[in-house]
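Both complexes below contain subunit A, partnered by subunit B and then by subunit C.
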Partner chain A sequence: MNIPMTNDRKLLELPPGTTLSEYCWNAAFVSGGKGLARLSPQREAAIQCLPAVALADEPLVPTVDLQLLVLPTDDEPTAELLSGIQAWTEQSSDPLERRCGLLQLQGCRIFWGPGRAALIAAPRRLDSARVALLEAIGYESRLRALENWLESGWEQLQSDLEPAFEFSERQLRRRTDLRQRYQDVLGKRAELAQLTPRLHFPPIYPPTLASQIGERVRERTRLVERAEFASQQLEVYERVYEQAGQRRNEFLLQRSSNQLEWIIILLLLAQIVLVEMLGGQGVN
Partner chain B sequence: MTAYCLQSAAAVPYQLTILEASQRLGGKILTPRFTQYPHYYEAGAAEFYDYTPVGEDPLKELILDLGLSIRAMDGGSLLRQGRLLGQLEAIEDELGPEVSAGWRTFDRLAKDLMTPREFYEDDPRWLSGKASAEDRFSIWLGHNSSPKVRSLIETLIHSDLATEPDQTGVAYGLQNYLMNDPAYMRLYSIEGGNEQIVSELAQRIEAKICLGQKVLGVETSSSGTLRVRSQSTGAGQDAEAERTHEFDYLVLALPSGALKAIQFEPGSLAAALDAHKQRFHHPAHYLRITLLFSQIFWRELLPDAFCMLEAFGGCCLYDESARDPSAECGILGWLLGGKNAMEHGDLPDDALIELALASLPEGLADARRYLLEGRVHRWMSEVSAWPGGVPPISLDARHQPAGSQHPNLLLVGDYLFDSTLNGVLDSAQYVAEWLAADLNVQAAEKVTATAAQ
Partner chain C sequence: MRYPTIDILRTLAIFLMVLVHFSENLSGLVWQFAGFGAPHFALLTGLSYRIWLSSQERKGRSEDEISKVTTRRGLFLFGLGLAFNVLVWMPEDVFNWDVLTLIGTAILLLNWARRVPPLVLVVAGLLMFGLSPALRALADYPAYWSEDFFDPDMTLSDLGIGFLVVGYFPLIPWLTYPFVGFLLGGLLYDQPEIQLRPWKQIALLGAVLISLGLSAIFFRSYLPEAIGNGFFTGWTMFPPSSEYLLTTIGTGLLTISLGHRWIDLNPAVPKDSWWLTVATTFSRHSLTIYLLHHVVHIWPLWIYGAYAGSEPTEFWRVAMPATISVPLAGLFLLLSYFLLRWMDRTGRGGAEKWMRWLCD
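Now for the complex of A and B:
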């Protein structure tokens, strides 16, 4: 991964104490992490300038969700530093998602994009601001992962519409896949159910820097509305796979019922034939 | 409001007459427009309280039922020396760590004393064992905060309180502090102006509305009805002409201060009303200064719908133009409360406008350059400093001051509950349901009497 910084590709000097950390939330959620804020970074290193080739090019874990650059400074950042940081933040892993949000609060500046964020604040404010930022971005990241999963599943859902209406012998071969997809949908529903209460957490009073960072990032990324849309979409998935499961059960029930009927018919036929045969032989 | 509630509650026909001293309905809900540019602003009640974080909110439901749109309002930070102190950290930087820590301690104590549910219920019984219903807020504040923290808290709540901490009780003082916490309640306004609720209600009620009729006195008649003397306040032929009206029931929906201007028949009626006034008359004051500017020059410093200023003993500065995103001009509104509102109320409008401009921090010093027009609205003794009365009494006794002697005289007012618009609705509903029940009983008795004949 290459990180072009400024237009002239000069190295951008960073304030002393700057660190770059890599985070991966999804794993933590799946393994039952108690809260994103308590996550330790997968890797953290002090850096003096950008691009930070060593860290950025070779992430330790294959799916790094966030690279966070933390710059402690009491001084007003220069325009060059700000534009450099913004360019770095916009340079996310997805070339189609080169966008960057900016939040200025209480002398603290936050840049965030889909895979990168930067925090510039006075050293005494850094810890609380970092925790709040990680928490908020973590929620956003989780929700985005869910949205992506939903988005990628529509095509599959289309092909699964038929068994949701009518199940046939041909589709019986797909029942393991359908069951797996239904389980996946329920898993995603459980994830969203875990996430939603954290998005609806009421603002804190008296407000603190950390609480306001959390609230504003949540607001700016429209987390509450997005969670509602995701919930509605999940409902569609649930209905399709629930119905498919129901149709499958009905089909299997019907099939075994038919088989039973045929057995009874055959038994009756056999009885008739046997009675006829025995009657013909004059057995009383 | 009472007429609307009665219309919903009554099951029998009745005739309703509304006497209004001014030339408009709505009282403290007033949304005028500037002359130079027709932008609206709130000159009276600036916002509605949204209790839905805790429980049902009948007023919000009513507003939405009337088809009105609402807009959430955020703010409440302290604007001091050109810096918006929106977080504890900013308070710590500006006023020192002891103030920040003291505020946290005070906040914890306040929340321990009144939970969101107790705040919502507004029941004075919650205080038992914690503080006396007659304890003054200033004393409690003094016991639980340092002078610097006390000053900060007073600045933050002064304009909402509309009085001084030594003129009100612990419960009302705490409510005015805790209302800043979104877990207790939130604020909203009506898109297009709060006064729309008045016009929407007026359109829906069936009543004879007599504007410009000031009530002078109330007497009883030999038949048990109530006789009301009123005087025309309008111009023309009817100016100052006196009229007499006779009613089976009379509902006085007035601020406690305005009740004083009415002469009640000497005897039991006057005595009951005197006792009521003594219990409930704790006048509080508002003064609103609203200025129209050719441009919005403050958004960088003041991004919220409102903030608090230290000027005037603590006042609220509203970005009135935030109510209307399409506004091309800027509007700032100062809400002064309590003693400061009273003291400044006698000054001419021009002087008040100058004082308002001077109260803006350095970063907004250009205000005078953009000023187009200024308006001043005075609300002296129009609100209550101690709503619910001292000592608190039952809801029946609050609304029916003369008890069984004159059961057909009823009162409605925000001061009987919590000095809010939600309190007006609660009070109006209480009286409307009472009246509706009485009307139903009377109708049933008439039917029985007719059948017996």
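Now for the complex of A and C:
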């Protein structure tokens, strides 16, 4: 184990064979989540030591969804290693977000946060545990992104309530935005519809380490309930934008009919004037 | 938000108006370019209304509130126009349908215009443009004018016809200008994406209209007799001929679109330059200047005529030579600039402030 170098930047020695992998979910989710289990890391590197103290100046890679630290060891990890790993995992968390989760199962230790996770297990169990962990964290991450999207949209939704009730010439200028938002909502609904069946995956019998990791992480992160809440919230969004779209269509229909009526009225007035003028001049 | 182009064009229209009125009313001198001020005022009325409307909508004011304010402003200007006719001109001129009554009515109608699809306004404008010569013929326009002055009988039908077709600034075809300005504001200033603002197309349309107007003036003798006598009747402001309408609308479209592109959207134009300060000062007080310059040069004329002559209007158009009246117009503009700056500095508002106090 390395000796701490300074008070604020200690290095924690990791077991031999430790790897740090970076994953990106997008590619896997495009294929409907089927590719999650077979997801290959964007980058994988062997790692020997880790800063034990949370470093504020170490940013996460923005294009990476998850950094997974895999530590193969048959020995019981020391308290220092465990606390160092936990600190590293929590470092990615937003102070307002959930803190690092901890799971201990059949000698396997799992730490997971929104952008980082760590898996400590015997080498023979690592592969199956990693796949199960990746899958569970992937679904959680996707659902969290959806929840964040919903959360950030409430204010916009408030301002879009008016066109859902009444559409006018003024709202017509916002129709491109409203259409885009409705499409976004439908896209999110489709995403949730793809995600939900995977969250309701039935328990496997006899249980394996991988299946238990999946179940426990889903349970601890309340994925099923959160998906239901997200679905209810999406319903509100859908209703508002659907109504806005309907009002818009009605308005456009009425508008084109009004337009035609006004033009006919103006042309009739013109005709009256011309007929009057020609009549006055004795032309029949 | 203030747009330098609008301020500059309005200020130019003010300068033109003051020069034309001083030289015409004091010396009887009519300039060739005299007809360009009023159309630009009317066009900018529609344009400014569109911009004001957008700002109100952004502030979240309800339709009802906007309607009420618009109606009150329209009625205020209409009433002010009638009062102006009585107090500045003569009581018998109360219904000569000057530019203030036109702008008041235009604002009332813009309250309707903002609710109808733009195509309706385009059709209305085209019909007003196309039918106004026929309507004037139908109404017998020359019968209402004697010695180049609008002189109706005080009957309801004459007043109505004067208001609609044969007065100084009748609704048909003068309403075309605010409608065009309103449409222009929607296309140019209301488009959030700057790249999508069709300033080139509008400038091109303006150039085409100017070309058409000038062609009609220069090639009038080659036109068929029916068109030459009935539709294109030469460059006249009273009545506003088709050439006049085409050229002035075209000029408005061209100057506003190019000004918007090269001045409003040009970061290199210094927003605190002296000429922009002058333009903003005059533009913000255009109504005050309109009223004031009439009072300043017409009232002394009436008073002097009443004392020194046989009737108040005796010295109208013959009071002094143009060599004096034109510098007087310049002096008035200079003094009024300092007056307006002083009013701004001390928070004293002019007619615009009264209007806002009463109507907003």
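Note that the second predicted complex is superposed on the first by the 231 of 284 C-alpha atoms of A that agree within 3 Å, B and C clash if a C-alpha of one lies under 4 Å from a C-alpha of the other, contacts with A are read in each partner's own complex, and residues count from 1 in each chain.
What we mean here is this: a contact is a pair of C-beta atoms (placed from the backbone, for glycine too) under 8 Å apart; a residue touches a chain by one contact, two chains touch by 3 or more.
Keep in mind it's a predicted model, so treat the numbers as computed, not measured.
Once the two complexes are overlaid on the shared chain, A:E276 sits against subunit C while remaining clear of subunit B.
Of the two partner chains placed by the overlay, only subunit B lies in contact with A:Y205; subunit C stays clear of it. Looking at the shared chain after the overlay, A:W262 reaches subunit C, while subunit B stays out of its contact range. When the two structures are aligned on the shared chain, A:R173 is found in touch with subunit C, with no touch to subunit B. Legend: residue contacts after superposition of the two complexes on their common chain; A:E235 is shown touching neither subunit B nor subunit C. One of subunit B and subunit C touches more residues of subunit A, and that partner is C. Judged by the touch definition given at the top, the superposed model places A:E80 against neither subunit B nor subunit C. Subunit C makes touch with subunit A in their complex at residues 57, 63, 114-117, 119-120, 123-124, 127, 130-131, 134-135, 137-138, 190. Across the interface of their complex, subunit B is touched by residues 105-106, 125, 202-203, 205-209, 211-212 of subunit A. For subunit B in complex with subunit A, the residues that touch the partner chain are 53, 86-91, 103-104, 107, 180-183. Contacts from subunit A toward subunit C in the complex involve residues 168-170, 173, 255-256, 258-259, 262-263, 266-267, 269-270, 273-274, 276-277, 280.
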